[in-house]
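Chain IDs A, B, C, D and E follow the sequence of writing; residue 1 opens each chain.
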Amino acid sequence: MIHWGLEVVLLVLLLSTAIIALKVKDLLAAVVTLGVFSFLSALVFVAMGAVDVGFTEAVVGAGVTTVLFVIALYHTTRRSND
Amino acid sequence: MIEHLPILIPLTLLMGALLTPLAGALRRSFAYPAALVSILAACGLSFLGLHQVLVRGTMRYHLGGWVPPIGIEYVLDPLASFMTVVILTVGALVFVHSRDVVQNELPEKMVPFFSVSLLLLTGFCGIVLTGDLFNLYVFLEISSLAAYALIAVGEKPSPVAAFRYLLVGTIGASFFLLGLGFLYMITGSLNIADVADILPSVVSEPPVVVGLVLIVTGLAIKMALFPMHGWLPDAYTYAPSAGSALIAPIGTKIGAYVLIRILFYLFDPNYSRLQLPLTSIVIWLSIAGILFGSIMAMAQKELKRMLAYSSVAQIGYIGLGIGLANPLGLVGAVLHTLNHAFMKGGLFLVVGNLRTRLGHSTIPLFDQTLRKAMPWTMASYSLMALSMVGIPPTAGFFSKWYLVLAAIEDSNWTAVGMILLSSLLTAVYFFRVLERVYVRNSSSTGESGEGMNPRETMPSDVESMEVNASMLVPTLVIGGGLVVLGLLNTVIVTEVLMRVIPPGL
Amino acid sequence: MAELYTSYIPFFAVAISLLAVPFILLSSRKRNLREFWTIIASLGKFGLVLSLLPDALAHRVAQVELLQISPGIGLALRADPLGVFFALIASGLWVFTSFYSIGYMRGLAEHKQTRYFASFAVCLSATMGIAFSANILTFLTFYEMLTLATYPLVIHKETPEAISAGRKYLLYTLSAGVLLIGATAWTYNVAGSLDFRAGGLLNDVSLPAGTATGLFILFLCGVGVKAAIMPLHSWLPTAMAAPTPVSALLHAVAVVKAGVFGVMRVVGFVFGPNVMIAFGLNDLLGILAGLTIVVASLLALREDNLKRRLAYSTVGHLSYIVLGAALLSPSGFTGGLMHIATHATMKITLFFCAGAIYVNVHKENISELDGIGKAMPWTMGAFTVGAIGLAGVPPVNGFVSKWFLGAGTLESGNVGALLILLVSGLLNAGYFFPIIHKAFFKNSTRFEKYGEASKLMVLPLVATAILSVLFGLWPNLFLRLYDLSTSIAMSVLGGTAR
Amino acid sequence: MVEYIANYSAYWLIFLLTITGLYGMLVKKNLVKKLIGMTIFQTSVIMFFVASASKWNATIPVVDPNIGSAATSLYINPLPHTLMLTAIVVGVATIGLAFALLMKIYHQYHTLDEPQLLERMR
Amino acid sequence: MIRQSTSPIIVLIGRLVSPFIQVFGLYVIFHGHYGPGGGFQGGAILAASLLLIRLCLDSETAQLQFRQALGTPVGILGSLAFAGIGLMTLLLGGEFLDYAFLPFGGMKPAEIRAMGILLVELGIGVAVMATLVAIFDDLIGLEDHG
């Protein structure tokens, strides 16, 4: 039987960031929230014992992907109807 | 060197994919020969592989010397070797054909195009050859990524089509991965043979069922089984001619191949058929797909789009063969994979020829001049159309024949009726084009049938616009090949496909 | 039991006209050379088929398996008596049609003659293939080939009318082909074999009633479209949009005869008399045929267009043959077979005449033909021979087959069928004699300035008319068609009670 | 029941995350939002794998001198982790390609809103 | 498109942190077969450092560090290192990627394996780094010729 403690807390946070990222109308805010999401998920990975996945996610998900997202927005538009 | 064949085939393609841009960087004109050499080499290797498998039996190759289930295994069994031959033969023909097409449509992107195409084929061959489920996922994604990229360089709306395909494809792949996760949770292994050994003892566990359902859903998306086909028509229509000629014949078949692997090799065929209603769901979806695809194809004005919808219908045939889950059905499905790969590949080559010369492929603009201008192209088109309809000596008839036999054996009369009906619908939409090309007078001389001098209606001064040899030869090879394949299908069935049938079926 | 031996002659008989196609296409610019190939192929084909005749009569059957097209099923050709019988008629009449076509096409300066002659050659190959097929799958292959090769002929004129006729033709025949595929697959599933066998491939198989009836209906729809059995006939009058030699070919030589030949094969060699009787399938077939005979004859009465009237007449006469098969009695079967031959010679004469009239005076309607007999005495003479033959008047050969059919109805005790035969004989007279009357006995000055059509057209039609009479007097002349048909009837019906 | 849900709470949350991601991909009209949904979806799948590999009372899969390399049951199974690294690579590649497509689309149609896009494609 | 930042803090921090990140990236690559880490993670970290410079500084400086034109070729070369080593082991008689067959004289099999893995990891790292930077550059550069 597995007892989850920290993970559950982190996951709830994760879920809320995910929902925020999808709900926010300003795309830049959404993307930054997604960065937070990635970072939190990196924490979850570490908490679950997957250290390497954790810091890969931190670098790639929270770092590179967010940068790419921001650049994509910079070139397109920040506005969104939903 | 023979024992390295399972890895050599994808490796040759991968090296080609990597070396092509390097050669292109050196001098642009080097890129195409490099790509061509690597695909021809891989094609030769695949035939060698098929021969070896038929002579010596299944070849297993352990990557890095690690024995499975720890290491990754590559398996060249009859089904896999057959599929590599199909993929690479079609691929090689398309490559030969596409030099001028690409030069014409994508002059800027010649080098990346061939590199990415090779990557696509690497992915396909990897999927076929790997004996490791996760490896399979990775190759699935490699091929999908390459396909997205190939589609996106086409006509103006192509990025949108590619983007949609990307989203849907990612959902499919993720479902597949999620399903793998469930299987892995229970079995603790990812090697296909190993998992197949473990599964019977744990097969009733809920995660296994959930995993299987997820995997099948994911694959259904990848193979564009109705109603998960939404991405396909746009993607095939807007892709560049050479790209769709490469993706359309093989892309969806790979999904079908993996489905066969999962349902009949990984799981016990009887489990897939009897314990879960999965196969009957596949059957009904396939039947719906056949009907839907055929009807939609009849409504299309653009040849490529018509072919794309026809692909939806044809995938239904393959799905039907898989769903029937009896030996004849499997033979029919695999044979149809081969036949349809050739037919659709050839048809898209014809589209490439038309677009190169006419600059369009809109059916209402076709008329008799086309027959005079491109006699050989249209002759191959006719052969391919006949094969698509399923007229006996051509290849298309025989896969339908096995499918009908399988459906009768299963007493599934709806399926029998649908296969037969869709032959007619296929005839309608293919003869529509043929009639324009062979009968329809060019619009100016008019409709006044009676009393006009027949000689005037024939535009004898139409100059030949036939494409050059490098494009014509592959088209003709496929056109003629369909008859040969049809006549030789017994050899294929008895020598290869009979060995494909897994023991439990 | 017949003795089998391997011989490639059936294959060559099929292939020879196919081989001529490239030559015809290549010599498209030189008319005479192109026609030379056609003639050579037709004569060669007839010769090859003729060489098979002695063996067929001696119960020695030449067969050849070219390759396996599906495990256990070969692309096999077998020159059994029925096959030789049909092949003889088709290839023999092709010779006449070839000469006639040349005259017709040149007379009208038709376009795309190369395509016409090439398709014609393919058609004949397919017909030979149908005749010699050793199993249903081979039959199916050639049957579809015939469908496709006929399509360019039907649409030859490329008028909107011809194109829509072509569409209708394709729709009907391809649907039939598709149903035939289903029937074939089902048979294979039930019987495990597809080889034609005298007395019935399904004879030894225990069939549930539903399966037998379903299979039979599928087969009937499959071959019935080409045989123009009544609800499935409507493509045939429409296809009259084609040039007349094509109509002749469609109606007399290849296509519809392939259909009734298919019915013969299905009745005698797939189901067999025992199965037919056991499930009452012969009654079904007989009723359909009888209805077709009567209704088609009535419809023919209304038609003013000569070719369309002939077309409805064909529909009726094809069902004579089907009726002969359905009677399942030796005389009836013989009569049906004989009617394939006799109807072919007579109907080809009539179509040749219609074509000759069209080429010469450009008239297609019967009401416009007053007094044409004076302008074209040979043509109309031949027409008269054909017409009275179809009505069943001796000494033309139509009488012979009708006689046997009548005997067949008595043998099987089917009075209704006899009645139908008699009524339809009268109807036949009713729709043919007015034409003859108009041609010879109505005076009109309309055709004074016209003479006969060209020799290339008149000679073949006179020849077929003479043939009709000769066969009527001596049914066993030259080709020993009578011996062949009785031997076929015996081999099929040998094992039954009747 | 409550206990059941509690025991598998992490899985349930991950499942919710998957649903959220799917919702974003399928329902949201904006293409960037769809991509955000896709990222969430992929992350949740990866997380599912990692969660399925994790064990109570086991340590990270790095050889610990106090435990040694013999007692494998005391380590978390590292295989899913490596697999997930590959999955992350795939995800990044997909996202990279998606951005390229996104910018091409915007360049051609000047909108990222799907209904508008479909309108302008006609 | 990225102009030089006007804020000296950003420039300074970017310049200051980037080398450390790079060292860490290399560490991760080289440490890959002992502990958590490996080619991909290291490559991603290296790429992150390069991206940091590209974001913080003007493009000339960034180009000095890693030229845009190099992205694709270096990525290909990195992948080739992986495929090539695999091919080499195959040609030398072993299975694909059976590092024990690599021709390193005077080493124990275990060391040869470690060496082989290291080379492959290095190749992957370089490939990942170059590819990620190339994606970035392509996205940036799209507007210029668009």
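Quick note on the criterion: a residue touches a chain if its C-beta (ideal position, glycine included) is under 8 Å from a C-beta of that chain, and two chains touch if they have at least 3 such contacts.
In this text, all values refer to a predicted model and were calculated from it rather than measured experimentally.
Touching chain A and chain C at once is no chain at all. For chain A, the chain whose average C-alpha position is most distant is C.
Between A-E and D-E, more contacting C-beta pairs join the chains of A-E. In terms of Cα centroid distance from the overall Cα mean, chain B ranks first. Ranked by distance of CA centroids from chain E, the top chain is C.
Distance from the chain A centre to the chain D centre is 10 Å, each centre being the mean of its Cα atoms. Distance between chain centres (mean CA atoms), chain C to chain D: 70 Å. Distance between chain C and chain E, defined via averaged C-alpha coordinates, is recorded as 79 Å. Mean C-alpha position of chain B lies 36 Å from that of chain E.
Within chain A, residues 51-52, 56, 60, 64, 68, 71-72, 75 each touch two or more of the remaining chains.
Residues of chain E in contact with two or more other chains: 36, 38, 40-41, 132, 135, 139, 142. Pairs of chains meeting the touch criterion are A-D, A-E, B-C, B-D, B-E, D-E. Chain A contributes residues 51-52, 55-56, 59-60, 63-64, 67-68, 71-72, 74-75 to its touches with chain E in the complex.
Of all the residues in chain B, the ones that touch chain D in their complex are 134, 137-138, 141, 145, 148-149, 152, 156-157, 159-160, 162-163, 166-167, 170-171, 173-174, 177-178, 181, 184-185, 190. If you check the complex, the residues on chain B that touch chain C are 386, 389-393, 397-398, 400-402, 404-405, 408-409, 416-417, 420-421, 423-424, 427, 431, 435, 438-439, 441, 447, 449-450, 454-455, 457-458, 486-491, 493-494. Considering their complex, residues 67-71, 75, 109-112, 137, 140-141, 144-145, 148, 152, 155, 157-161, 163, 166-167, 170-171, 174-175, 177-179, 181-182, 185-186, 188-189 of chain C touch chain B.
Chain contact summary for the complex, chain B toward chain E: residues 4, 7-8, 11, 14-15, 18-19, 21-22, 25, 61-65.
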